[in-house]
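The structures considered in this document are given below.
Below are two complexes that have chain A in common, paired first with chain B and then with chain C.
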Partner chain A sequence: MTNAGRVLLVEDDKFLRRACEASLRQRGFEVIAATDGDEGLRLARLLPPPDVVLLDLLMPRVPGIEVLRALKAEPDTAGIPVLILSNSSRDEDRRLAAELGATGYYVKATLSLKDLASQVARLVEGYGTAG
Partner chain B sequence: MAPPVKLTRLAGFSDGTAHGIRSVVEMFLADTGETLEALRGAIESGDARAIEMLAHRAGGASGACGAERLSALLFEMREGSRSFVGDRALFHHISLELEAVAGFLQNYTATLDASAAGLRPAAFGTTERP
Partner chain C sequence: MNPEIAERLARAPVRYLAVPASALLPAAGLYLAGRFGPGSGEAALWAEAWGLGLALGAVVVFEQRRRLSIRRLAPAARELEERVRDADVALRAEIAGRAADAREAERHRERMRQQERRLVDAQRVARIGSWEWNVIDGSVTWSDETYRLFGLSPGEIEPSLDRYMEFVHPDDQGLVRRTIQHTLETGEPFRYDQHIVRADGVERIMFSTGALVRDAAGRPLLMSGTTQDVTHLRVTDDARRRTEARFRSFVEATNEWIWTSDLHGVATYSNPALRSLLGYDPGELVGHPWKEILHPDDAVEVMEGIRQLAAAKEGWSGWVHRWRHKDGSYRFLESNAVPMHGHGGEIVGYCGASRDVTARREAEDALRLSDERFHLAARATHDVLWDWDLASQAMWVNEGFGALLGAGHAARPRDQWGEWIHPDEASAVTGSLQAFLASDEETWQADYRLRRLDGSWLWILERGLVIRCQDGSPRRMLGSMMDITDRKESEGMKSEFVAMVSHQLRTPLSGMSWMLELAAEVDGMPADAARYIQAARDSGQRLVLLVNDLLDITRLESGRTGAMPQPVLLADLTRSVIDELRMPAADRRQDLGMMASAVPPVLADMQLIRQAITNLLSNAIKYTPAGGRITVALQEAGGMVRWSVQDDGIGIPRRAMGHLFEKFYRAENAAGLEAEGTGLGLHLVRLIIEDAGGRVWCESEEGRGSMFAFSLPAVYITGKVAS
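Right after this comes the complex of A and B.
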């Protein structure tokens, strides 16, 4: 299968990580996975940079919101689209993520792996917003 | 009483195909079972931070798959402020609910297997279909 793009998945829950990874790989994406925010930041700074970052919010070591803040503050990673995967549907969490530069926000309780992969594909192709 | 898993949610999370649903169910039962074992350990050792983190993880995974009661119990555990006895009692409820979820999903995937084999699936214990 051709490489449809490179996705960094930062998610501490093993099930959600494996399920997202399997879904994205099936659609031809290369997936690199991190299990906490610290590892996620380290992998995002490696070359070549990922085309898209999928980011959980509540994680050990460095919380997702701090990962997002750091990515958007660094010139080398600021342009990478970040999609948030969260258990929280609170407006203030969505708003904060948007203010910090997240491209989209998905609540896990309503998440569709198929829709997520489609959105990743749109972002890799260079267009598409929100989640 | 509503079934322990909302099948429309499960199908919506996965790609909706029999293969996709079966794959998600297998991963969910294996990985969430592991997380709950770790949660049991955290309760026994009184590690409040680990309890919060593990309950949050498993609650999110359960909600994504449509196991809404299980998810609600895990988020209740995440909120904390109970005694050791209270945590153990709640964990007992969580374990029972996971058993119900596992039994339900195993029966459901068996009906998918029967359909795939061209056999007529037995009536499934819910009126809700994905």
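Right after this comes the complex of A and C.
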């Protein structure tokens, strides 16, 4: 299977992480997974940078929103598209994520893995040569 | 009387009138002395009056002044006439007898000329004219003053009965002719008023008197009398009579009870208003003392009051006492009265007016009671009540104010509370209050944190009601403050709880869904297992939707929707939802369609309205049997767009109709079906539509299908109707 792109998945729930990883790998993506915000930030700074970051919001230690803020604040990572995968449908969370520069916001419970994969594929293509 | 003398007299009327003026005096004196007794004061008065009257040549003027009836005077007049004639005859005989004595005769003539001049002067001063009509030859003589009264110069015309009649107003000509005729036939003297039109065209009222002189055989010889302009007198009389009549009808017609009484409180007059006030006819009360119908407790006070005021020569006003109605009940009457004076200036009674103030008294009592209740309630409540007078800046607060905020808080005018309010809300609350006061709104509401004296914060729900002047400016504002700290805290907890629970539910749900999705993609899955996996995915999906509904409801109920209203075309939106639902409808072989006329857009949050339409159409599909028909219709009416869906499904029992839009409610005939439902769908529809300023309702009959509808305010963009 060809490498369709490099995806960083930051998700503390292990079932979600596994399902997501499995689905994306089946579709040819290279997935690096982090279980909390700290790890997510560290992995995002590694080279080569990921094509897309999938970011949970509600996580222990560093919450997703702080990870997003940090990513967008650093020149090396500011250009990476970030999709928020949260189970909060609160408008203030959506608004804040959009303000901080997130590319999309999805409620996991209403998102199918198939749809997620196609969104990621579109972003990777749009991001050009990064992969 | 000798016919010859009478004839002679008739030929010399002026002299006849002039001469007897002095000659009559002794005759009149004799007559009056005989009638009233010599030396009586009355007779002397009469004699004096007769003298005056005769001097003026106007006997009947005197009659009028003394208001003596013509009938009573008629014999006297006749007697006088006869004596006049006798005296005249005697005088002439005397003159003839002394013809030789030329100087004597000249003295007599001079005396007569003087008398004549005096008469003319007297008539002129008194503005009374005299006249004489020789019935036999028809000649008429007027005195100079008579000419003047008719607007003529003395001697300007040749007077006659016909000329006189020309002056009489057409309306009165009949009266004049009848009167003269009557006197000619009966010999009775006359007196009447007649309107004349003077030579100068001015209309006047004349008072005329006259008497007839007959010969011994009773044939009319001569008629003579006076005439006088009484226009001013009559007009004044009329005016006085009209004023009196007006005053009387006013007194009779007014609703006020008008009465008079003597000093002992005995009624001497009552107008008919007594009937409506106390049920008595005036006749039942007049002659009776007030105390008979006064409340026994008040009677003594009233009688004593009258006694004291009469002694002080004063009236009263604003007395309120209880009077017994004829039906036995008591009424409060308020009365005012002024004293009535006798001729000597002494007080002889009272004249007053009274009216029923029972309703006012009862209202005052009720007000006092309600006031007492209010103060009790204001003391008992834990809420703060305040009353702010904007003009004087006076501020009243109940005891709850100190209890809620700490005893040291002095009440300040409401617009000076800014520093007590939490900085996060202070400017918003103050601004909202100012905007409200400047508006024409009646009620105001705000919730905010208020600092207690000990520094702690309370959540307050404050409501205000403003009373405005006619120009709309605020005059007074009343308010209440409720401590809603507990409610705010529990609301916050509820909101956090729901957010937490939904997150906690959604995370494993997501895991389950994604795992099942992966499982469904595994190649070579046995058919049975694939079916089970699909069923599990469907259930998971339902659970996801349920959680979504719960979250939406919580947000809508707390008013934190984050809704973004925009013009929405319901036809397009409905078509899109119908497309999504085509599969389940097709599965049940249902005919799902829309009849839409061109309607304007509505202002709503697209996602929320989509949710509402989805819920309504899903319900229609679920509760309509296979092969049924479901039709959506769109109409515009009265500035609203009405969206409705009609099905021919199982319908809704009558007793369920009122509960359809309640949370977790499911009609019994719906719960019995296999169709899945949470009891949240319609509740959510209601919240969404009402949040957007609309209304939702349902019409249905069990077994005959249902119609669900909502209406939302239409948005008109540049006057065009979007299709």
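The rule is simple: the second predicted complex is superposed on the first by the 126 of 131 C-alpha atoms of A that agree within 3 Å, B and C clash if a C-alpha of one lies under 4 Å from a C-alpha of the other, contacts with A are read in each partner's own complex, and residues count from 1 in each chain.
Heads up, the rule we're going with is that a residue touches a chain if its C-beta (ideal position, glycine included) is under 8 Å from a C-beta of that chain, and two chains touch if they have at least 3 such contacts.
All of these numbers come straight from a predicted model, not from anything done at the bench.
Peer 1: Superpose on chain A as described above, then tell me if chain B and chain C fit or clash.
Peer 2: Chain B and chain C clash in the superposed model.
Peer 1: Scan A:L16 for contacts with chain B and chain C and give back first, second, both or neither.
Peer 2: It touches chain B and chain C both.
Peer 1: Quick one: is A:S89 in contact with chain B, with chain C, with both, or with neither? Answer first, second, both or neither.
Peer 2: Touch status of A:S89: second partner only.
Peer 1: Could you tell me if A:L58 is touching chain B, chain C, both of them or neither one (first, second, both, neither)?
Peer 2: Both: A:L58 reaches chain B and chain C.
Peer 1: So in the superposed three-chain picture, is A:A98 touching just chain B, just chain C, both, or none of them (first/second/both/neither)?
Peer 2: After superposition on chain A, A:A98 lies in contact with neither partner.
Peer 1: For A:K108 in the superposed arrangement: first (chain B), second (chain C), both or neither?
Peer 2: both
Peer 1: May I ask you to name which of chain B and chain C touches more residues of chain A?
Peer 2: C
Peer 1: Name the stretch of chain C, from among 38-46, 398-406, 506-514 or 560-568, that runs into chain B once the two structures are superposed.
Peer 2: Comparing the options 38-46, 398-406, 506-514 or 560-568, the clashing one for chain C against chain B is 506-514.
Peer 1: Both chain B and chain C contact which residues of chain A?
Peer 2: Common to the two interfaces on chain A: residues 13, 15-16, 19, 22-23, 58, 87, 108-114.
Peer 1: Note which residues of chain B are touching chain A in the complex, please.
Peer 2: Chain B reaches chain A through residues 9, 12-16, 20, 23-24, 27-28, 31-32, 34-35, 53, 56-61, 63-64, 71, 75.
Peer 1: Which of the residues in chain C come into contact with chain A in the complex?
Peer 2: 499, 502-503, 506-511, 513-515, 517-518, 521, 544, 547-548, 551, 560, 562
Peer 1: Quick one: which bits of chain A touch chain C in the complex? Just the residue numbers, please.
Peer 2: 13, 15-16, 19-20, 22-23, 26, 58, 87-92, 95, 107-114
Peer 1: Sort out for me which residues of chain A touch chain B in the complex.
Peer 2: It is residues 12-16, 18-19, 22-23, 58, 60, 87, 108-114 of chain A that touch chain B.
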